[in-house]
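Next up: some structures, all given as structure tokens.
Presented sequentially are two complexes of chain A, the first with chain B as partner and the second with chain C.
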Partner chain A sequence: MAEIVQILILGLALGGVIALMGSGLSLVFGVMRIVNLAHPSLIIGGAYITYWGFKSLGIDPIVMLPVAAAIMAAIGVLLYRLVFQREAKSAKYSEMTVLLTFALAMMVEGLLGGLFTNTQRVTSPDYATAAFFIGDVFIPKGQLYAGIVSLTIIAGLSLFLKYSRLGYAIRATTQNREAAELLGVNVQFISVLAFAIGLALAGAAGSLVSFVFSFFPAKHWEWIAMLMSVVVLGGMGSILGTVVGALILSVVAAFVGTWIGATWSTLTFFLALFIILLVRPQGLFGEKPEMA
Partner chain B sequence: MTKLLDVTNITAGYGDGPAIIDGAHLTVEPGKVHCIIGPNGAGKSTLLKAICGMLSIRKGDVMFKGERLNGLRPDQILRKGICFVPQERALFAKMTVRENLRMGGFIIDDKREVERRIDGILERFPILRERADQHAGTMSGGQQQTLAMARTLIIRPDIVMLDEPSLGLAPKVVQEMFDIMKMMSAEGVTVLLVEQNALMGLKNADWGVVLDLGRTLFEGPAATVLADPRIQELYLGGKKAA
Partner chain C sequence: MAVTLQDSSASAVIEARRAHNEKLSRKADQTRATWFPLTLLVLLAALPLLQFVGNYNYVLHLVLFTASYVAMASGWNILGGFAGYVSLGHAVFFGVGGYFSGMILARYGISTLVTAPLAGLVAAALGYAVGMVTLKVRGPSFIISSIALLMIARILFDNWHFIGGANGLTLPPNDLSVQWAKVPYYYAMLAIAAFTVWSAYKIKHSKFGLGLRALSKDEIKAESAGIDTRFYKVTAFALSAFFVGMAGAVWGEYLTYLRPNIFLLILISANMVLMCILGGKGTIAGPVIGAILIVALNELFVATMGASEINILGTGLVMAIGLIFFPLGLVGTLARSGKLPRVLNWD
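Right, the complex of A and B next:
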């Protein structure tokens, strides 16, 4: 019993972080139909900003989180204006963004490799290697803090989307871009804003990831499949779906990793992606695609 | 004649494609119901999309209260007082009726005022009040159309443009849509309607505009247009209007 509780706790804490990693990807797809393959590389960008702050200035990774988020949001505004806005009215926009973001991921990887080399890095605040013990169950402080901060950010994002005027505009644009425009929403501004928020989430996730996982510039290739699995399971564009998808898959992966073997843990995500696309391509909370 | 909206010889189309309307004109008087009729492909919907800024105008002018609207975005044109309900109703399927109405008041900064106006709308449309917390996507076609039309009233616009509000609805429900339209008109909202059912549209309108191949053939009082033998022959299948 203790083992099951232990696995559940570890899975849920990690799931919280993965939910934050995926939520930006989901938001950006929902509002702009951009399949941002560069999202994980930008998370790694956030991790390196945090690493730099921690190593050079001694700032705690969680304290660095708003800094990383703000820097990535600013990069998001620039990227959207320079790269994505020009093609926004193209009929093949989503398809084009796959290629564009693939190229962007390669560039970010190259840039980070040039700046920080390809050595594995990790920030190591005291809590990253400490744990709470409740009976036989141990709760790693690093994962717990990262999970709590992640879910708090997602809860804040959800409240913002649900109740604020801009949140209404983002949700409306996600559901029906043309209708939103006809009701007075400046969808260009909302697109820039959503892209900036998406990248801010990547930056924030990067700060937390920096002490939960070791990272290096090419690590993003490992993460994109995992994040796509989570987002597709939840339903592309649904933040709630991303959270549910992340928690489910992380818990399942934790059980698989413990009971079958760590090698098979990663396979959980790939297998889930394969099955979801076959059985329910719209995911748990997504809309069924319209027939042509 | 007082002109609220004056469209003069405009040319517009989709992207870089050929012009769908070329030489279309119409005059809209305040407080009246105007009905644009014409065969499929005449450019009726394209004309409304050009007026509301969804399509860029290549030639000609759209003047509203003496101000040129060419080049403005849809959200900017809405703020001037022109509301557009497209054929597909432009609802947010996963938002509730109340949230959809809230989006209708998006351009109003005073949240309390928006809520007051929503309460007013829900009072006037009991079917919407009953379903205030229901997702719009789960409602019937008639209820969705009622919501789309009622939503325009939140901002108290000068002109509401409706693109085929009767499309896909049962005859009884269609009459309800025309009743709502008349109510809007009685409250001083000017209505510009595109209607495939020319007979029904003209019977419920004050002014008729006949469009064909992207050009305005003629316009005049709806009764006159309805009685015109060419219209009887071309668009009403030779039927005499009762």
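Right, the complex of A and C next:
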């Protein structure tokens, strides 16, 4: 029994972080129909910014989080203006943007490899290796803090989307681009905003990832399919779906990892992606069979 | 009366259309420079004669490397270019072909040059099975599922002890002298590349190829026009896997070792996509030109800067620039503006 609770807690804490990693991806897809394959590489970019702040200035990773998010948001505005805006009229828009973001992911990987070399890195604040004990169950502080910060950010994002005027506009654009434009929403501005928020979420996730996982520039290939499976399970474009998907899959992966073997826990995500695409391509909370 | 009139006018229309089509195809035959690829092939086939006068192993290696990518990119083109399904997981078939033939070589000592077609068939069977599953979704979902396929294959190959796991397999080198050791693989790869390009041409000009192009434009319309789209695209997937698998088989023995982190790389898939996009998706000459360009560019990067990070950065940069400014590729862009030189018109 204690073992099951233990696995559940570890799975949920990781699931929180993975939810934050996936939420930006989901938001960007919802508003702009861009499947951003570069998202995980930008998370690693955020992790390296945090790593740099931690190693050379001694700043705590969680304190570095807003900095990484701000830098990534700025990069997002730049990227959108330079690259994605001009693709909006392309006939094969969604396919084009997938290939473009793939190219972008390779560029980010190469750049990070050139700047920071390809060795495995991890930031090591005190709490990353400490743990609480409740009875027999141990709770690693690093993962717990990361999970709590992630879920707080996602809650903030949901409140923003639900109750602010900009949030209304973003949700309206997600539901129907043309109708939103007719009603006076500046779709162009909303797209830039959503892309910047999506990348800011990547930067924030990077800060948390930096002390939860070890990372190196090419690591993002492992994450892209993992995040995709989470986002696709929840339904692309739905933040709530992403959170639910992340929690479900990471708990399943934690059980698989403990009972069958650590190498197979990542396989859970990839197989899940395959199965979801087949059985229910629109995911749990999605309404858009047009993706299929 | 009316009926006979309709009948005769209908047959007259069909006659006229047939005559027109024949005229068009005659004209295409006249403008097509078939002599150019054939001369190129003869010249490349004569290239190993250089070994009599000196050591040109590097030249042979470069041509062999390019030929392997010509075969892979042209194979990828059947699915990605003709049918319009972009796959980023084709490195799986490269690895499966390499491992299948490599295992036979390691266990029974039969050269991969003999078993390469068999490896292609195994890759095609896998492609058929995977296609049955993943080709139900299209667009971005298909691309993502192809990446997932590569990730699954990588984990399985890394952990499958029968085929050496992450350490891979070491294959026996052949007992030719250094001067001639590359030559058998050189000819094998050249033959595979030529066969692939020829097959791609035949496929494009068959009824099957016409169906693929139709379904790449609009799948629902193609379906209602009587094309069995599911069978067409799954077969296209299997065919494209076949050629990639053959190239993988010969490449494995040429390297003399097989390792998941050499064969099951997303960079290899990306290169196939990149070559087709740069050269021109859906054209015959496109993947060939793209392969030559990318290999040359790669060599340049490695020779001048030497780091693999720069290589990845450069590949990504070239891909992005190509996508943004020349979405039709070199051959496609030139053909659209009517400036395609005749030697590159292989369609």
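Definition applied: the second predicted complex is superposed on the first by the 288 of 292 C-alpha atoms of A that agree within 3 Å, B and C clash if a C-alpha of one lies under 4 Å from a C-alpha of the other, contacts with A are read in each partner's own complex, and residues count from 1 in each chain.
Note that in this section a contact is a pair of C-beta atoms (placed from the backbone, for glycine too) under 8 Å apart; a residue touches a chain by one contact, two chains touch by 3 or more.
Computed from a predicted structure; not experimentally measured.
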So, after the overlay on chain A, do chain B and chain C clash or fit? They fit
Report for A:V67: first if it touches chain B alone, second if chain C alone, otherwise both or neither. neither
- prompt: Regarding the shared-chain residue A:A169, is it in contact with chain B (first), chain C (second), both, or neither?
  reply: first
Please indicate which partner A:V77 is in contact with in the superposed arrangement: first for chain B, second for chain C, both, or neither.
neither
Quick one: is A:T266 in contact with chain B, with chain C, with both, or with neither? Answer first, second, both or neither.
second
- Task: In the overlay, answer first, second, both or neither for which of chain B and chain C A:L8 touches.
- Result: neither
Taking the CA centre of chain A as vertex, the centres of chain B and chain C subtend an angle, in steps of 10 degrees, of 90
Partner touching more residues of chain A, chain B vs chain C, is chain C
- Item | First (chain B), second (chain C), both or neither touched by A:L182 | first
- request: Answer with first, second, both or neither: which of chain B and chain C does A:I59 touch in the superposed model?
  value: neither
First (chain B), second (chain C), both or neither touched by A:L284: neither
Shortest Cα gap between chain B and chain C in the overlay, whole Å, is 17
Interface residues of chain A shared by chain B and chain C, listed none
In their shared complex, chain C is touched by residues of chain A numbered 35, 37, 83, 86-87, 90, 94-96, 98-100, 102-111, 113-114, 118, 217, 221-222, 224-225, 228-229, 232, 263-264, 266-267, 270-271, 273-274, 277-278, 281, 291-292
In the complex, chain B touches chain A at residues 15, 52, 54, 73-75, 78-79, 83-84, 86, 90-95, 99, 102-104, 106-107, 111, 151, 155
Listed in rising order, chain C residues that touch chain A in their complex are 86, 88, 133-134, 136-141, 143-145, 147-149, 151-152, 155, 158-159, 266-267, 270, 273, 277, 307-317, 319-320, 323-324, 327
Residue set of chain A touching chain B in the complex reads 89, 165, 168-169, 171-172, 175-176, 178-187, 287
